[in-house]
Structures are given as structure tokens and as C-alpha cells.
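Chains: A, B, C and D, in written order; residue numbering restarts at 1 for each.
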Amino acid sequence: MNALFQAWGVRKTFGEFVAVNDVEMTLEKGVLTSIIGPNGAGKTTLINLFTGKLPCDSGRLDFDGTEITGLAPHQRVRLGVSRSFQITNVFQQMTVAENLQLPVLARLGRAGRPFARPDRDPDVRGEVESLLADIGLGKARDVRAKALPHGDQRLLEIGMAIACRPRLCFLDEPCSGMNPGERAQVQELVRKLTKMRDVTFVIVEHDMDVVFALSDRVIVMHQGNVLTEGNPDAIRNDARVKEIYLGEEVGA
Amino acid sequence: MTFDALVYQGLIGVSLAMYLWLLAAGLTIAFGVLGVVNFAHGSLYMLGGYFAFTYYLTLEINFWLSLLLAALSGAAIGSIMERFFLRYIYHLDLAYQILLTFGFVLIFADAARIFWGGIPLIPPMPEVFDSTVRIVGRPFPVYNLFVIFVGIAASALLWLLLDKTSWGETVRASASDREMAGALGVNIPRLFTVVFSFAAMLAAFSGALGTPVRAMTPGIGTSVIIDVFIVTVIGGLGNLPGAFVGALIIGLMKAYGVLLFPDADLFMTYLIMALVLLFRPKGLLGGR
Amino acid sequence: MAGKYELNRRRFLKATAAGGAALAAPFIGLGRAHAQATIKIGAQGVSSGSHADYGRQIQMGARFAAEEINAKGGIKGQKVEILYRDDELNNEVALKNARYFKEQGVNFMVGTDSSGICLALGPVLPELDLIQIFTHAATEKLNEDLVFKKGIKHIFRGSVPVYQDAILPALVFKDDKDIKRIANLGADYEYGRTSWAMFHSTLKKHRPDIEIVGETWAPFFTADFTPHISALAAKKPDLIFATPWAGEAVLMLRQATTLGVFNDIKAWWQCMGGSVDVMEGISRDVAQGKFKNKLWATARYIWNWPDTPENKGFVARFNERWGRLPNYSAECTYSAVFALKAAVEKAGSVKTADVIKALEGLEISTPAGKRYYRPEDHQAVYNVPAGRVAYNKAVAPIAHLTDLKVFPAADYFRKPPFS
Amino acid sequence: MDGWTTLTKTRLETRLALAAGAALAVALLAIPLFGDYVIWLTANMLILALFAVGFNLLFSFTGLLSFGQAAYFAIGGYVCAKILLAVPSLLLGIVGGLLAAGVAALIIGFLCVRHTEIYFAMLTLAFGMMVHSIIWKWRSVTGGDDGLVGVPRAPLEIPGVLSVDMADLDRYYYFVLVLVSLGIYAIWRVVRSPLGLTLQSIRDSESRVTFSGLSVRKYRLIAFTIAGLASGLAGALMVPLGRSASPAIANWTFSAEPVIATLLGGAFTFAGPIVGAFLFYIIKEIVVIFTGYWMMTLGIIVVALVLGFRGGVVSVVQRHLLPLLARRRNDTGERR
């Protein structure tokens, strides 16, 4: 086992409320991990802490052997930690292709070029095209994001998250508000990207079908703590997990 | 600076602060509830002053009533501004509000010239106030004491109005969450008109209060507005107690500045404004 | 997408063109040669904002002069036409107006209020090949530096320089033995700084025993001078020398009375306090004796001096025409127009070079008395009194100056080579 | 709001663009035929246009409302004036003013970009007024309220290369025309460069830009500096024109001019501020010819424009006029 990302005693409180309570966590390379738990379990906060959107109150984060606790979000992205957002966060006015230009330019360190043309940069064009192919939006390249169906917007969201070539990528509810067909598409895409771009995905998801179908490993959070973890089967049959989801249909 | 000078200039500063406070209170409420940055707020101060002059001197209405009428006239103009103009640009960028209200600054400045002429106007000091009392052995104007009293009284009234009445509750509610208040059945458009004219009233009242000691000229509006912005920012945009503190700080700055740093008074006020924005953007009382 | 960007450039040009096309529209007809049927004079002053009345007075003075000249057959048969523009007390606008006047084919220019404006406009006059007689701004730099040292011959001044605001009071008070402690309530800009410097240095020459006990400076557009006044009052001065003018003078004086300053001091000198708008503003307080007869002032012309038929007639006719007493900026502009008339008649031409020659050393009788345009620095030398502010309904509806003290300008005006 | 819709167009617009572009070029080149006053006015309009385009890079394309741009205009102007009073070399003066303003914007911007929206506006206002009070007070260097006067309109000299006398107003006008065009063209390139894409992305979604691996503050600072450079160039060009520099160009009322120009012409379009700058001058010129109460008239026009032409003239043309024409010619191909 080789640890790609490690968290020691990571804590976040909002006033009295303890959102994340001294969490210890190790994420391994190539192991597709899902973080589940009922609403308010602290999943999204945890991702915000890992990706730097929020500062940790205490604790330490390492990525690939280097400490990143103090780093700004964009610095973490540069090291290879990226994310997607629960609420679709793409540039509605831009076309699909234009949306993908920014992260590509950023990765190539060309985002600050004052006089070039983003669309005329062969490297950028090449990568944008391959990304379009990967996320299967090639046909929609010149469609404005706001004109896309919800499912395609979510795919674009993922596309932008991986456009900066991360090694670790957190997906925050990639399937929210999707129909079964679209969910299948997402699972397909995630598997494909894991292989082709060797990204290690970590997914926060409510849809247990997706979780159990996709994950190699599942981490269950409850009230800011890691309740338990294990492979999908173990989790599916774990009594405490059933308990916290009381009633909620767990898998099967 | 001797202790006496400290006290005397201090009192002067406090009386200065009260005009600023009344102005800043208006600006703060308007911003807090409507989210409007009203550049014409200073012009409403000017109009208040001119109105008071006309009522008191030309129409020979007694001083107290003139103050009241001037304030109400300001409110009337404010309600017109909100109902027929501002209302239509809330959804636009902040800059459009600034431009629109800036348009009113120009309009009001010339309106003053048309109705009151270019020459400075100042009514006689009402007999009641036309004397001084000795403070630390020096004559201190009764009128400035009156201004201080009015300023504090106004603060008390404002506090009662906003914290102790249901109307105040509604105002605070919509200040914190417009949609919510709307959902709770508050008539937001009407509330906005009322609140804005209330803010305008405070500005006009400040101007009216100023007439006996501060002549009115068509350009006075633009000369006061920046000070008011400084005060509002120091206090924290939309923070009423903050505005009071901010007014005191700037008032005292001006009073003591004359003695302490006569050559840097302006620079210092802007410096304070910048420092507050950098290190406590929510204002001195706004917390981080 | 490349195509798309291609189109952008054009779109951008297109929208810009809208401006270009619109631009030309209002100016069709400008820039043509102007048939010279009339003598055109461009006048400007501030006629918006807090100092609006000064421009208004410049406008009234200029137009009144033109009306009177035209009524008597104009200048050598040519009618005089006045073009007036608001300079907004702003250099850029004043320069723009000058260009506009040039375009409109004016022969001469008069007016402008602030020293900043006249210093900015002066050096441009040769480029415009236009004479301007400045009729309000008082900075000594205009005649001493621009005309005398730099030799810009197109500049003349028909109003008094700062000497009169600053040196005159020194002469007025030098013999008053009660005045030992002096303080300054200064307008924090060049005018206030130079006036004060000139005043106390002159006074000290005559009265080494004089002591400066306090100096405060108030920025332009100060709404409340109370802190400055009280800070000075604390120093117990005998005399306060104050430079804020126009509306600021009015409110400052009211604030001084409310602070009871006039009980303790012996005299208050108000530069330009003789200005009609200030007098109108403080009349009631004067009538009520608020200033305890301790308020002294001057201006660049005082409507009730000199006591000559010419001045009396002017004041009466002006008052009848405009329903106001003439302010100094009105009289100075009025007389400037007449000076131009005299110069043109003397030169027998309207050519700038000839008129400059004719104006140099011109001596002309005006409402303010005899004006002599010094050839060295193009400064009009004439007498203006200082006086005590009083109110007497029998004399005038507004406050005015009494116990007038007149000193010959020729004696106390600084003289070339100004060393 | 929507920067990108403005970057898409129809064939119809293309033709109009070509025609109007040519017309503009001719108009601007022909200006000297109208005489000194029009030359003078147009030079001022061009300078305001550059000033406003710089402001608009911040406002429309980065989402920051600066209310202190006059500071950089003034720094550019005063430094240029100081240089010209010392050494009569136009180029030196212009470049000096430009750089000084850029440095000032870099330093002040570093502090200002910590905030956005009204806080940013107020912060820029505060720093702007600090610069103003320094210019007003530092009399030995800046001439206080008298300003710096009698500045020579020095010849344009590159030793051994060329030397053009600038005494004639029309020569200087062409000089201004060239530099303003270059400045505006540079910013126009920036807007559609990767940098421009980044800035507009910041305007639309800060977090997305951050998680693309970019420091939002850094790019805001870059935009602020470019805007400062544009203001500085505008200021430096203004001084030799009027041959003086006065504190008024550092005052907040002057900071309002690019705001007015931009909103009149149309925010969130590139050409808006340029059209607005011309409109602003033309409207005022026409008004002052007819009335002494120009303030009120201008005020009424401003209010009317804000309420009637919310998106500004340019976007009104784009959104309403062009589609109408387009429909008549059944010219499709609009992406809107």
C-alpha cells in the first residue's frame, strides 16, 4: 500500500458546532474511495479542508509525502489535488470548449499570457479536444454551458476538475440530481478516467448504488468522525452503518 | 495640549460628530436595508439646510417647526427618489446606483442655485441659543451643546424605533434577509420607499440643524459626502452603532487634528479609512 | 472559434465608430473663418457650485459693459459681443473654454477666479495669440513670474494682486498699539499661504514687537471652522487674520460669533470680506452688532468708494440693471472691458500685438478710480480701501465698509524687479 | 453579468463593423480639419476613452469597481509634468508617467485586491484621496492647488532617429491618437488573451479559478496594474495637451468620469467606455452651449440614461437594434 494523501487529527469547528472532529485518514494511490454518511456528517467540510477551500483549525495534511496543511488551494491544485463542486460551477456564458481552456492554460502555466490567443494555442487545443473526447462532449464543444442538459453540465464539471491533470481528485456528489442513465454515464467516465489518466478519485455521494458499484473502499462518516471503513460488502453489512442511516435503504 | 484644551476641543469635536452621525445614520440604514450607496445623501443634507432657511427666515415659521418641516421635506424628496428612480435599478450592478445618485447630486446642486441663488445663505441664530456658557473657563456656544443633545437624543430614538418597535423589527429582518422578509409577507417595495425616505429625512435634518452655524451653498453637498462615507466605512457598512463611533472618531480627529497634525488632517482621515478597511473590513464594531 | 474572434475586431471598431460619427456632429460650422463684424470678448468665471456668485458677477460686469458701450455706438463703430462660460473653478475646463473662445473668433478674454486657473491659462495665451485681462485671481505669481520674469506679454490683470489683501491690513493695523498677538486662520492653499506670509512679514517690519501666537489651516470646502477658531481663541490673539472667502467666510464668521471670539479679540481681518456676497451673508449679524465693530475687511473694489460721480453712477445703473450691488469681480471685469475699448481705440486696431502695446502703460478712469496698467508686469495699479464692517439701512440694504482707510497702491504694491 | 455574449456576433454586425470602423478611422484622422477647438476636444475624449477602457478592464472584465483611478491618472500626469519641466523630452515624460503610475498601482493594488465589491471600491477611494491630499499638500514638489504650470509640450525626440516638434496642436493630436489607439488595442488583445480569459473567469467564478490552480489575488493585481498603466498613460498624455497639471485630476470627482463614461457607453462591452467617453464630452459640450444650468441638464441626462439605457448605449444597440435589422434581413447565425 502506498499513501497518496494523509490526514492527521484534522479538526474544524463552526462556533460551537464541531463539523470535523480530529479525523485521521489515509487515501491510497489507485484506490477509488467513497466517503458516505448522513447529511451533516461533515463530508463536504472534510473535502473543503483537504482541498484548502477552508483552513484546518488543527491537524496536518500530507500529499505524496509533502506537507500541504498551510498551502493555498491553488497551490494544492498545482501539486495535483483537484476537486469538483456539489453545485455545478461552470462558466455558463462560455462554450464547453472555452470552459475547458482555463484549467488547461493554468496547468501549462500560460494563464497569464497577455497577448496570445487561448484558442490558437495548439497545445491547449489538443488537450481541450482530448478532454472533450474523454468526457464525451465532443459534439457539444461550441454549445454554451447554460444550454447543456443538467447531466452534461455535471460531466463538464468533472472534465474541468481533471483538466488540470490531478493525481488526486475529489468529486462532491457527482451524481446529484441525475437520472439513472446519467449516473451510469458518470460511473463509466470515472472508471475510464481512473485507468486512462491514472487519477485517484475520492467521491462523496449519497447514491449508494453508485458508491457500492464504483468504490474499492468506503469510509463512513458520522457527526464529524470516521465511523468505520472497509470494502463495499463490509460496509453494506455493517450494523452501525445501517443504524445511522436508520431506515435509509443501504444498497442491496 | 493642555487638559483644558483637550476638554474644549473634545466638546467641539463631539458637536461636529453629531452632524456626521445623523448623516451617516441615514446612509447606513439605506445601505443596510436597500443595499444602496447614495451619493446624493450629502445633497439631501444641503436641501435640508435650504428648506430650514426658507421655513425659518422667509416664511417666519418658528425654529423648531422649521427643523421638523425641513426634515419632512427631505423625506418627501427621498421617497420620490426611491419610488420613481432607485427602485428600477436594484437588480443592476452597484455602479449603476452610484451613477444614478451622482446624477441627483448634479440636479440638486443646480436646483439649489435656481431656487436659492448662488450666494451663501445663513439664518440668524435663534435667541434661545444665542449665547455661550463657560466651560473650562472659556465661552462655549450653547448651540453646539444643543446639537450634541439632539444627536444623542436622535440615537436614543433610533434605537427605540429599530429595536423596540415591530416596524424596526421588520426593517432589521429585511436588512438581514430580504427574500425571507418578503416570504414573511413584508411589503418590500413599500418598506424600501419608507426606509429610504427615512434615511433622507435624517440627512435633511442634519442639514437643517446645521443652518444656523453652517451657511448653505449649492456645492456643500459634495463637500460633506466623502466625510460621511469615511464615517460609514469606519463604523462598518450597515452597522448603526458603528456609524456613531465612526462619527465620533472623525469629529474628534478634526477637532484635535487642528492642534496635533495641522498639516495632515485630511490624509489622516483617509489613512484611518484605509486601515479599517484593510484590517477590519466589517468596521470597528463589525468584528472580523 | 478563430472565425469568431476575427469578427470581434470589427465589432469593436464598429461600436467605436458610433462615437466618432457622433463626435463631428455638434461642431459643423466651427473652425471656419469668422467675418469680423463685431468685437467678441470671451468671459469666464465659476458659476456653478459653492462659488457660483463670483462667475455670475463676472458675467454681469462684462455684459453690462458691453451693453453700455454698444448703447454709445460700440468700439470704433463695432458692436461688442460677450461670450460667457462657466470655468467650474477647474483648470481643464478653463483651458477648454479658452480654446472654445478662440474657435468662436473672440478678440480678447476676461475673467477667471482661481490662481491655479490663471497660472495654467497664462502660459497658453501666446499659443492662442489672445490677450486676457484677469479680473479676480490674485496670485502675485501672475504678474511677477509669468509677465515680468517669463515675459508672457498676453497676460494683464485688472484686479488687485494679493498685496492688497495682505499688505494693506499690515498698514492699517501697524499703528494700533493694542495689537501685539496675531494669529492666522488660513485657507490651506496658495492664496491663504502667501497672504499670511506677506501680512505678518510686512507687519513685523513696522512692528518688531508683534508676536505670532497661532496658525491653523483649513482645507478648501471646509463646512465647519469651529475647531480652527477655538484652537486660535485658546491662544488669546489680539488680531485674527482670515483668508477663507465666499460662502466659507460667511459660515466661518457665524461660527466665530457663536464661539464668542469677538468679545476677546481686538480685530478680525477678513480678506475679500468686502465682497458683496459675503456682506449679504453676514448683514444680519452685523446689524445685531455681533462683531462688536471689530470686523475689518477689504475686497478688490468696494462699491461705496470712491465717492465720485462716475462710481455712484455705475453702482446705481448696475443696481438698476441687475438688482444687485456690484461685487469686485463685476467692477473689475466691467473696467477690463473698458480698458480693452480704450486700448483698441488708442491702437486703432484689434491686433493682439498692437493692443498689448496700447494696454501697457494705459491709464484709464474707472468706477474704482484711476487704473494704471504698469508696463513692466501688466498689473493694474489702483487704490482700494480697507474698512470696518458696519450696517446702516440708510446707506445700503446690506452690510458695507466704513471708516475707510486708503493707502496709495503705488506706494505699497510690490514693484519690479520684485527682489 | 455577461462578458462573453459580447464576444459573439453576426455577419450583419461584421458588415456594419467594417463600414463603421472605416468611418471612425476617417473621422479621427480628419479631425484637424475642424480646427483647434475640435482637435482639443477630441484629444481629451481620446484620453478619457483610454482612461475608461483601463477602468473597464477592472470593472467589466475582472468584476472590480475601482473608485480611485484618478490617483494613477494624476501620478502619470504629475510625473510627466515634473520630467518635462526638467528635461524637454516628450517620450521621456510619457514613459516616466506611465511607469510611475504602474508602480503606484502595483503597490496600492497589492493592498486593495484583498477585497471585492463595495469594500474594494471604498478602499480604492481611500487610497485615491490619500494621493489627492499628498498632491494638495506637498507644495514644494506639486505646487499645491496651483498645480504644475507652464509645462512645455516638448518635441518628440529619439536621438539620431527622429525629432518632431509638437508646438502645433494637430501634431500633438496625432501623437495622442497613436498612443491611445495602441493602448486601447493592447487592452483589447489582453481581453481575449489567456490572461483575459482568466480575469473574466475570476469575475464569473472565483472558486473555479482557484481550483484550476490559479491565485485569484495575483491576477486581480495584474488587472489592477494594467488599469493603472492605462490611467497613467492617459494622465501623461493630458498634461502636455493642457501644458499644466492640477490637483483636480486626482480628486474623487475625476475618478467618477471613467465610471460615467463606461456606464453610459455600456459596461460589459469592450467598446462601451470608448463610446461613453465621446458621449460624455459631446453631451456636455452641447449642454453648456444652451444653458448655464449644465449641471442639472447633465444630471437629468445621466438619470435618464441609467434608467432608459440600463446596459448602456452599446449593449442597447447590440441587444435591440441589431437583432431587429438582422431579422429584417433574416440574417441568422446569432448564438444568443
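To be clear about the criterion, a contact is a pair of C-beta atoms (placed from the backbone, for glycine too) under 8 Å apart; a residue touches a chain by one contact, two chains touch by 3 or more.
Because the structure is predicted, anything quoted here is derived from the model rather than measured.
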{"item": "Which of B-C and A-D has more C-beta pairs touching across its chains", "value": "B-C"}
{"item": "Relative to chain C, chain with the most remote C-alpha centre", "value": "A"}
{"item": "Chain centre separation (chain B, chain C; CA means) in Å", "value": "34"}
{"item": "Centre-of-Cα separation between chain C and chain A, whole angstrom", "value": "73"}
{"item": "Whole-Å gap between the CA centroids of chain A and chain B", "value": "51"}
{"item": "Mean-CA-position distance for chain D and chain A (Å)", "value": "42"}
{"item": "Sites on chain C at which at least two other chains make contact", "value": "5, 47-48, 219"}
{"item": "Multi-chain contact residues (two or more partners), chain A", "value": "98, 117"}
{"item": "Chain B, residues touching no fewer than two other chains", "value": "109-110, 113, 222, 263, 266"}
{"item": "Parts of chain C lying in touch with chain D, wherever the complex brings them together", "value": "4-5, 7-27, 30-31, 47-48, 85-86, 90-92, 95-96, 99-100, 102-103, 114-116, 119-120, 122-124, 127, 139, 141, 146, 150, 189-190, 193, 219-220"}
{"item": "Interfacial residue positions of chain D with respect to chain B in the complex", "value": "1, 59, 65, 67, 111, 114-115, 117-119, 121-123, 125-127, 129-130, 133-134, 136-137, 252-253, 256, 259-260, 262-263, 267, 293-296, 298-303, 306-307, 310"}
{"item": "Of chain D, residues touching chain C in the complex", "value": "7-9, 13-14, 16-24, 27-28, 31, 33-38, 40-42, 44-45, 49, 136, 139, 143-147, 149-150, 167, 188, 192, 238, 242-244, 246, 248-249, 265, 269-272, 274-275, 277-279, 282, 285-286, 288-289, 292, 294-295, 313-314, 317"}
{"item": "Residue ranges of chain D touching chain A (in the complex, touch as defined)", "value": "2-5, 186, 189-190, 192-195, 197-198, 201, 204-205, 207-216, 219, 222, 335"}
{"item": "Complex interface listing, chain B residues touching chain C", "value": "4-5, 8-9, 12-13, 15-16, 19, 109-110, 113, 117-122, 124-125, 132, 138-141, 143-144, 210, 212-215, 217-220, 222-224, 254-255, 257-259, 262-263, 265-266"}
